[in-house]
Amino acid sequence: MTNPAVPAVRPDGRAPDELRPVRITRGWLDAAEGSVLVEFGATRVLCAASFTEGVPRWKKGSGEGWVTAEYAMLPRATSTRSDRESVKGRVGGRTHEISRLVGRSLRAVVDVAALGENTIVLDCDVLQADGGTRTAAITGAYVALADAVAWGVRHGHVKGGRTVLTDSVSAVSVGIVDGVPMLDLPYVEDVRADTDMNVVVTGSGTFVEVQGTAEHAPFDRAELDTLLDLAVAGNARLAELQRAALAQEPAR
Amino acid sequence: MTNPAVPAVRPDGRAPDELRPVRITRGWLDAAEGSVLVEFGATRVLCAASFTEGVPRWKKGSGEGWVTAEYAMLPRATSTRSDRESVKGRVGGRTHEISRLVGRSLRAVVDVAALGENTIVLDCDVLQADGGTRTAAITGAYVALADAVAWGVRHGHVKGGRTVLTDSVSAVSVGIVDGVPMLDLPYVEDVRADTDMNVVVTGSGTFVEVQGTAEHAPFDRAELDTLLDLAVAGNARLAELQRAALAQEPAR
Amino acid sequence: MTNPAVPAVRPDGRAPDELRPVRITRGWLDAAEGSVLVEFGATRVLCAASFTEGVPRWKKGSGEGWVTAEYAMLPRATSTRSDRESVKGRVGGRTHEISRLVGRSLRAVVDVAALGENTIVLDCDVLQADGGTRTAAITGAYVALADAVAWGVRHGHVKGGRTVLTDSVSAVSVGIVDGVPMLDLPYVEDVRADTDMNVVVTGSGTFVEVQGTAEHAPFDRAELDTLLDLAVAGNARLAELQRAALAQEPAR
Amino acid sequence: MTNPAVPAVRPDGRAPDELRPVRITRGWLDAAEGSVLVEFGATRVLCAASFTEGVPRWKKGSGEGWVTAEYAMLPRATSTRSDRESVKGRVGGRTHEISRLVGRSLRAVVDVAALGENTIVLDCDVLQADGGTRTAAITGAYVALADAVAWGVRHGHVKGGRTVLTDSVSAVSVGIVDGVPMLDLPYVEDVRADTDMNVVVTGSGTFVEVQGTAEHAPFDRAELDTLLDLAVAGNARLAELQRAALAQEPAR
Amino acid sequence: MTNPAVPAVRPDGRAPDELRPVRITRGWLDAAEGSVLVEFGATRVLCAASFTEGVPRWKKGSGEGWVTAEYAMLPRATSTRSDRESVKGRVGGRTHEISRLVGRSLRAVVDVAALGENTIVLDCDVLQADGGTRTAAITGAYVALADAVAWGVRHGHVKGGRTVLTDSVSAVSVGIVDGVPMLDLPYVEDVRADTDMNVVVTGSGTFVEVQGTAEHAPFDRAELDTLLDLAVAGNARLAELQRAALAQEPAR
Amino acid sequence: MTNPAVPAVRPDGRAPDELRPVRITRGWLDAAEGSVLVEFGATRVLCAASFTEGVPRWKKGSGEGWVTAEYAMLPRATSTRSDRESVKGRVGGRTHEISRLVGRSLRAVVDVAALGENTIVLDCDVLQADGGTRTAAITGAYVALADAVAWGVRHGHVKGGRTVLTDSVSAVSVGIVDGVPMLDLPYVEDVRADTDMNVVVTGSGTFVEVQGTAEHAPFDRAELDTLLDLAVAGNARLAELQRAALAQEPAR
């Protein structure tokens, strides 16, 4: 799937429009209703889905369920150690922001009425970080969510026979590095990118979230369009990998 | 500047591509090196720029300055009262996220080497909230920042005669409400929008930040393109208003 | 009302027993049940009264209402920037102390049985500080409270036709600066005062709170008496200004 | 010292202008540079003075010392148990307010230049509370402070031979209970008082702090004057007891 | 009870197997249902037992009671002042660990079914620390607990006539100092010990908790056995002292 | 190594004195100076050792290094989800206690003078919990520590050629379940145990830490002796497994 017009300049030998090797391991935990160890190259995120009956107070009696997410990093997921947020006594801005993004992305494909008054919490813990941790988290969390929904159906907590998940959802990063638009940036490229964008897309190819940031140099409309094209193609490939992972035996 | 192809359906009588009345009042505070009360309709944000010599420890000796921002809401800025974050003892995820967005947006037009080892903190406090508080904050904060930079130059803290601000920057929200793409959403439209996007653009029309979110229904590429067009046009109008405000006498 | 025996030595040309220009602007916020922007010279405090049905748990079933207050300062209200209490993760001692003072002062003129099981929270946020922020807060908060009570009566939440507010209440600072007792100190006088006293008085002239402090030099009974005289006269003038403000059309 | 014009109506048989039995035990701790167990009736406060060389960063190089105080209550000092502030993770408003009052009161009699760049921290921990804990804390802390200053002189940390303590300081509560002004209220009277005042007075009879509060009914000038008279007389008696305690052998 | 085979080398003249002077003063507080000031030499801990009807939510309906403990130190209990945990905003690891140890030790001798749905909280506040604060706390807290249980029985809150306390419990430290196993270490010995062990034993001589730690040099089985022998003998003596204290008149 | 005198009664078919299958995987993380995924049956702990030059302020200039540890659990490590400590804003007592235990245990085999002024932090994060998480953490952390020390030697940060690790260290749990002393309890046995003991032992068989707790029934000296025997034998087997793991190629 490489694009011959763009030279292969990447440190790991990938073409600019090529994903890193992606692995989705279901059932990594014994107890969680859904769990996935997802790997985008060296980035490794453990996604655990916890299904509980009932909803938070502000949803009670609504007939609707709730899906939320929490993202965090182990202190030595990165090349130098970071202090624990539990020890610092507060969750940092970046952690908050990504947790909210993961939750919103998943809710975009959940029919909360079909879920009924049940709650699914997705814990996405980064065991090793090499760029793209939030996009790996979303991609893996969707699979864990699908397993948890299936668990809820099998155990009779989700009733009515309606489909809870209206689509799949995945995410990938894109960016412009040394003037070249590239897909799925590892850390070494991420720090050099002028523009960095995370794009969350459904299995049917519509956008759930587009977050593009230019800390170094603003970008123009043509660059934005190229990045969106790359991201849509990358997410189509991730959706296939999610389908393939879920086509295997139920994890639990 | 209304677009005749789109019917004027908005509660406040505006055309879909029309901004709310925008007011930029410089010098609202006596002591701050830059200060602006910015109003987008009923949304009212006080932006204060504090200029101090020196930089945080991790920038010392770099020869570069630092620009950062903090966003917050007064408890009764909204239609019902919210608890204070100081009383809760922690800053919420939304506050963190917007503070970071405002800071990044401003840094995109700052030449930190030209600023020298000085720090400018932008405090954006929402006195009244009616949608678009983060976009008003960015738009007003740029003007306060420009006044603080001018103050630093006048008082000899910024040396070397290079231009600190490489461009202006503003922001506006766009969204799809009942199928119609619209510019600058007040609260009543914001809650009904399927897609909500905040777009930060420089005075020369390039993108600094694109944040589009679909909590209700994913959006397709055509919708995304229309929203970006609306946002670029709205920001061009905001850049004019910023220029006009700064063309008046120095505030301090 | 100047006292010819005391020379006019003040930086702003006032006589020692003269208030700064006081402005009380009702209805500054669209949504709050009562709101006032109060100005004592350059000191500017936004007082918002939030009326809600019901009372805290420990008052339930008592038939009585509850009135409380929270005071805070914006980070750049002062001549140099202060860190946000939300970011520090805790409310400081001074903030706590003033919040409690404002609440007690207002409760002194509220008949909680006549209010019924309703709660009114007064948020007093200092937008610009030039001395006397707590006394301005009390003086403005009383007017916002009166509007919120009237709102509760008009909307049928306060029943029984009894008068909720048994009196008005205002506050002013007094102090001894260079041996001269003075009324309503701005920051520049406040820091030089040997004795600093805040006196809260009802519209009928009785005391609600007397807080006199000598950080530099203890004061004697004669000085205390003079300060109390000044404060009683100043509060009488503030009570007139409150009455005049409330005599206008209802704010909402 | 009873006043025949006021009937003895108090639960413990005291005359209205009579103090509770006061005990000041010096040297209650082995390690502290000054320490006092002070008792006002059943109220029991342990005051520890910690003398350290050096001052906080903001006083460095000033040539002046620093005196500060922290007040707290053990969880079962009161008739029912209170949660610990350490467990709640924040210091409450009342604790903050009293800590600040104790610190200010002591600083009023300290010549910080004579103290030199040394710090004395007064920890006032209420072991048993029966009203008047803040006034007992101030009264006891002064004696602990005097011992710590003497320790600093004896050990050569306070140089120059100037007197550090310019006067003594003590405090007592007064209040109007059932219309009768009374001195030194225990808890059972305190809760019934219409007006409650804490008055801090130097050994030479001048005022350091006057804090009068009317939560139930405002008070008039005549009542205020009577309360001040009672407090001045009570503090004169406390100053005698402090002198007597300090006249004994040095504690350490 | 000294052992002639071990030379008396201790700074306070004690034999290696001798306790410091132990004092148990019941009824030190007026309001607490049980209270003890316990002294192991210069170590002084105030233990207050608070009896309340009802149990935490997770025990409701179980028919069983709950006993828990909180341990803390006053800031100047030690030779230099420590910061307050309330001011730091968090309880330290050591405090948590000892609180949990005290609670577990007491629960080992409580028949929670016989206690019925009542809660007893033991607050152990160290007023002066000279080593062995946790063992003094357990030893004193048992006596305060016994008084609180008796209070509950006398006031009819503990019903059914069954014995709530199945045994007594006490604790003592042992350690190896300069190669010599020793009982009940004061601070000066504690800091020099290679091995430090706290042993909690019932009145009938069985173990509740054995916590041995070698920060400097690991210890062998023979040393462990000797330390356990010393601790068992020391606890037998403490159990006698507890019995003697409780044999006196009820404290309240 | 099973003992024929004790019947094999355990749910997983093990003999009472048999360890669960233990796996030690070195080099699980790319960046950490030492890292181990350790498994005791279904218990899975990721141990990361971070080597940094320099020591905390209180060790500066001592010539000695510092080794410390932090233990934590992922929210879904357990059968039901726990709230994150970072979100709660405080580290719980159990977490604190285990972190301190792991740190002390490792320091017992470190010659801090030979380490020089370097710091090694061990992060032990429980990915899946099935009993014995603290003992697995100590056992795995030792191996990660050994790799980090070797890294420090290879990179020239540890100088002088002296041996930093004076011995190996491991830990195992033992307990009495239904009257039978057992080694290495999984969760299902742990909750039923009358006595629960964690024993930390060096490779040469001496004790570093003995923590025995009887929440249900006190234990006697004979039981204690049997448990210590089991633990010593189990730790001997763990020391062999550590040696075997470290005998392979250096991980990094």
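Going in written order, the chains are labelled A, B, C, D, E and F, and every chain counts its residues from 1.
Heads up, the rule we're going with is that a residue touches a chain if its C-beta (ideal position, glycine included) is under 8 Å from a C-beta of that chain, and two chains touch if they have at least 3 such contacts.
These numbers were taken from a predicted model, which means no experiment stands behind them.
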| item | value |
| --- | --- |
| Joint neighbours of chain D and chain A, given as chain labels | none |
| Set of chains whose contacts include both chain E and chain C | D |
| Pair from A-B, C-D or A-F with over half of its contact pairs in common with D-E | A-F |
| Reference chain C; chain at largest CA-centroid distance | F |
| Centre distance in Å when chain E and chain F are each reduced to the mean of their C-alpha atoms | 28 |
| Chain B-chain C separation of Cα centroids, rounded to whole Å | 33 |
| Whole-Å gap separating chain D and chain F, where each centre is the average of the chain's CA atoms | 52 |
| Residues within chain C bordering two or more other chains | 89-91 |
| Sequence of touching chains round the ring, chain A onward through chain F | A, F, E, D, C, B |
| Of all residues in chain C, those that touch chain B in their complex | 29-32, 35, 42, 46, 48, 50, 52, 70, 72, 74-81, 84-91, 95, 121, 123, 125, 127-128, 130 |
| Complex contact set, residues of chain D against chain C | 90-94, 96-97, 99-100, 104, 107-108, 167, 197, 202, 204-215, 218-221, 224, 228, 232 |
